[in-house]
Amino acid sequence: MSNDIWVWIGAFLTLGTYSILFKDNPVYRVLEALFVAILAGHSVVINWYNFQKPTLTGRLGEGKEWTLIIPLFLAALMYFRYSRKYAWLARYPMAFLMGIGAAYVLTKNLKPMFLAQARATMLPLWVPGNIGATINNWIVVIGVASVLTYFFFTIRKQGPVNAFSRVGRIYLMIAFGALFADTVLGRVSVTLVRFQFLLQDWLGLGM
Amino acid sequence: MKREGPVALLMISGFLYIISVIVASPAMEPVAATLDDWYKVVVGFINLVGVISLTQVNGRAVLRRSEGWFYNAILLVVLYGYIILGLVGGLHNVAFNLIYDNILTPILMTIFSTLTFWIGSAAYRAFRAKNADAAILLVAAVVVMIGRVTLGSAISPAIPKAAEWILNFPTVAGMRAIEMSAAIGGIVLALRMITGLERSFMGFD
Amino acid sequence: MTIFEKLDSLDRRWVFAFQALVFCIVILKPVGLALTVGDQVRTAYETIDSLPAGSIVWFGTDYQAANAAELEPAALAILKHCFQKNLRVIGASTWPEGGAMMARLLNQVTPDFPDKEYGVDFLNLGYRPGGQVWLQQLTDDLPAAVGGVDHFGDPISEYPIMDGLNKIQDVALIVGIHVGTPGTPEYIRVITDPHNVPMITVLPAVSVAVTMPYLASGQLVSIVASLRGGAEYELISGFSGTAMTGMDSQSFMNLTIVIFVILGNIGFFYNKYKKGASGGGGANV
């Protein structure tokens, strides 16, 4: 069994958090409050030291970058959302962020997200001497085309289009199956690490 | 000022950025760089909104002595106590880092892991081959679940190969089409926003 | 009442308890199933192994403590490998908790490499706001984007590791430890795709399927996925850690869930056959 006080605290926190699986209880509620508070507090402190302080003291104070007053003023407007009368002022910083965000989507997304993916789908449909690669390339090409057809909502899907769209649905089911399996794998991994901590680090079993 | 002002700001900032990127002349380069910088500053200085909202919601519960107000009070005390500890002591502060590493981290990891148990329960009660689509999903999931762990190769080398194949070909095809559709959807939405057609995100109709 | 109906109405806490019991048994009594290194991890290892000494590897620690259990084993093994190869490491994050995550990694690894010096061989820049926009700034003017301080708020102007690092394109490799947004797609959009900077990404299992298209299109060098990826990296690099010891347990827990699925479906079809009616799936999970 561990002699480290922090391991004991970790074990108590782990078991206390797992207690929600049995039923809601005061220990879990306290831990929940702790986790929300520490997480929020941590982000405030980190943001202050990593960004806000160097911006205010370095760039604005010592560097005299007076143009920074414009975004600082915009950011300040966000805090009017707590005023009933002036809440509309908070729309300005939101609008600015949305404007830049939209510009990013329009200028940065097309090539890596669409064109590169489309290009990667342009696979040879006959690979000489390699029937396996040929079949796999067909699977990818048909898959991408049929799923795109499935997501095509501007025409009524009838006849062959509907049948092709149905193929796309099968691809999606396979992809979602893989996604579910990966979700299980991930969650099991996390739980495994917690149980290793309890059994091995805390209780000293199975080392 | 209340409606047209924000829309105008959105359009001006968006178009200005796009023009500066497309023109890509030395004269326009600083425009995009300045807008990037301003964006970062705005994001970096609006982070207290979350803390104020937390204070508002929990403070109200404490003042009204709502059910479970004690937990709201704990939250507020810890929140401000931790902020003060960090701001006064700095990021080299041992207590600040110990609390993060030894209190927050185990709680967060464990909360994240509780879902495993719900997945196990759901696997038995809800994950059923009610129709052909569900059956396909189920078979793919089972093959990947077994094929991606060491047990898969211990049973048969074919299982991990099947799992890899599912991930590398049908899954890539399905996810790629979703990605491409989302890219087009995102571009259309961005176009609507930047031309002032889409205003719902600002609380307009 | 059939056995399957009884199981259907069983309190879910018994299912939870059974799962916990399986976890305990498989951790305490591992059977030692063989672990093999897959192509993805081999590619990641060889990529790092082939970098010349002194090259800079950028660790994008865009995750938080909740994901540390799943991602840290891979991240630790990669970090140790980088130090072993005398690569210089710079950590930075678009997530407020990312700096603390990098600090956790460094605190666990640096005791094994006492000759490595902060600011010379490695640096933790911490968090910067702006997400994708900040990543874009890194491609234009890295020192300005970083803003002159590290994770602890200390000035970095004296640190030699920053010398000659004008843009993120100057780094030899990006190791992105990502769980969401901003994450791998944002790095691809503004750094790796337009500027051809190679990137290995360490991902939780749940993100693998959605990231596979970027790997297939050549926009990523490799994906090191979840605890299994960590275990494989520990195996290939020789830096044994916690992930390798957990692989048996992971196998049997996955098997337990597969058995739950199979049992649930046997019960479903049995009840359907018996009642001669369709439907009847359970929502009470």
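We call the chains A, B and C, going by the order they appear; numbering starts again at 1 in every chain.
As a convention for this text, contacts are C-beta pairs under 8 Å (C-beta built on N, C-alpha and C of every residue); 3 or more make two chains touch, one makes a residue touch a chain.
None of these values were measured; they are calculated from a predicted model.
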Chain whose Cα centroid lies nearest the overall Cα centroid: A
Reference subunit A; chain at largest CA-centroid distance: C
Inter-chain pair with the most contacting C-beta pairs: A-B
Between subunit B and subunit C, centroid-to-centroid distance (C-alpha), Å: 16
Geometric centre distance via CA averages, subunit C-subunit A, whole Å: 13
Separation of mean Cα positions, subunit B and subunit A [Å, integer]: 4
Residue list for subunit C, restricted to those that touch at least two other chains: 16, 20, 67, 69, 96, 100, 128-129, 133, 136, 151-153, 205, 208-210, 213, 216-217, 228, 250, 253-254, 257
Interface hub residues of subunit A, defined as touching at least two other chains: 21, 39, 42-43, 46-47, 49, 51, 55, 100, 104, 109, 113, 117, 120, 140, 175, 178-179, 182-185, 188, 190-191, 193-194
Of all residues in subunit B, the ones touching two or more other chains: 36-37, 39, 43-44, 47, 90-91, 100, 104, 108-109, 111-113, 116-117, 119, 123, 127, 138, 141-142, 145, 148-149, 167-168, 171-172, 175-176, 178-179
Of all residues in subunit B, those that touch subunit A in their complex: 1-2, 5-7, 9-15, 17-18, 21-22, 34-39, 41-52, 54, 56, 68, 71-72, 74-83, 86-87, 90-91, 96, 98-100, 102-104, 106-117, 119, 123, 127, 133-134, 136-145, 148-149, 163, 165-184, 186-187, 189-191, 193-194, 201-203
Residues of subunit C touching subunit A in the complex: 13, 16, 20, 23-24, 27-30, 67, 69-70, 96-97, 99-100, 126-129, 132-133, 136, 147-149, 151-153, 185, 188-190, 193-194, 204-210, 213, 216-219, 225-228, 242, 245-246, 249-250, 253-254, 257
Contact set on subunit A toward subunit C in their complex: 21-22, 39, 42-43, 46-47, 49-51, 53-55, 58-59, 100, 104, 108-109, 111-113, 116-117, 119-120, 140, 175, 178-179, 182-186, 188-196, 199-200, 205-206
Residues of subunit B that touch subunit C when the two form their complex: 33, 36-37, 39-40, 43-44, 47, 90-92, 97, 100-101, 104-105, 108-109, 111-113, 116-130, 138, 141-142, 145-146, 148-154, 164, 167-168, 171-172, 175-176, 178-179
Subunit C to subunit B touching residues, read off their complex: 7-8, 12, 15-16, 19-20, 33-36, 38, 64-69, 96, 100, 103-104, 128-131, 133-134, 136-137, 140-141, 151-153, 205, 208-210, 212-213, 216-217, 228, 247-248, 250-258, 260-265, 268, 279, 281-285
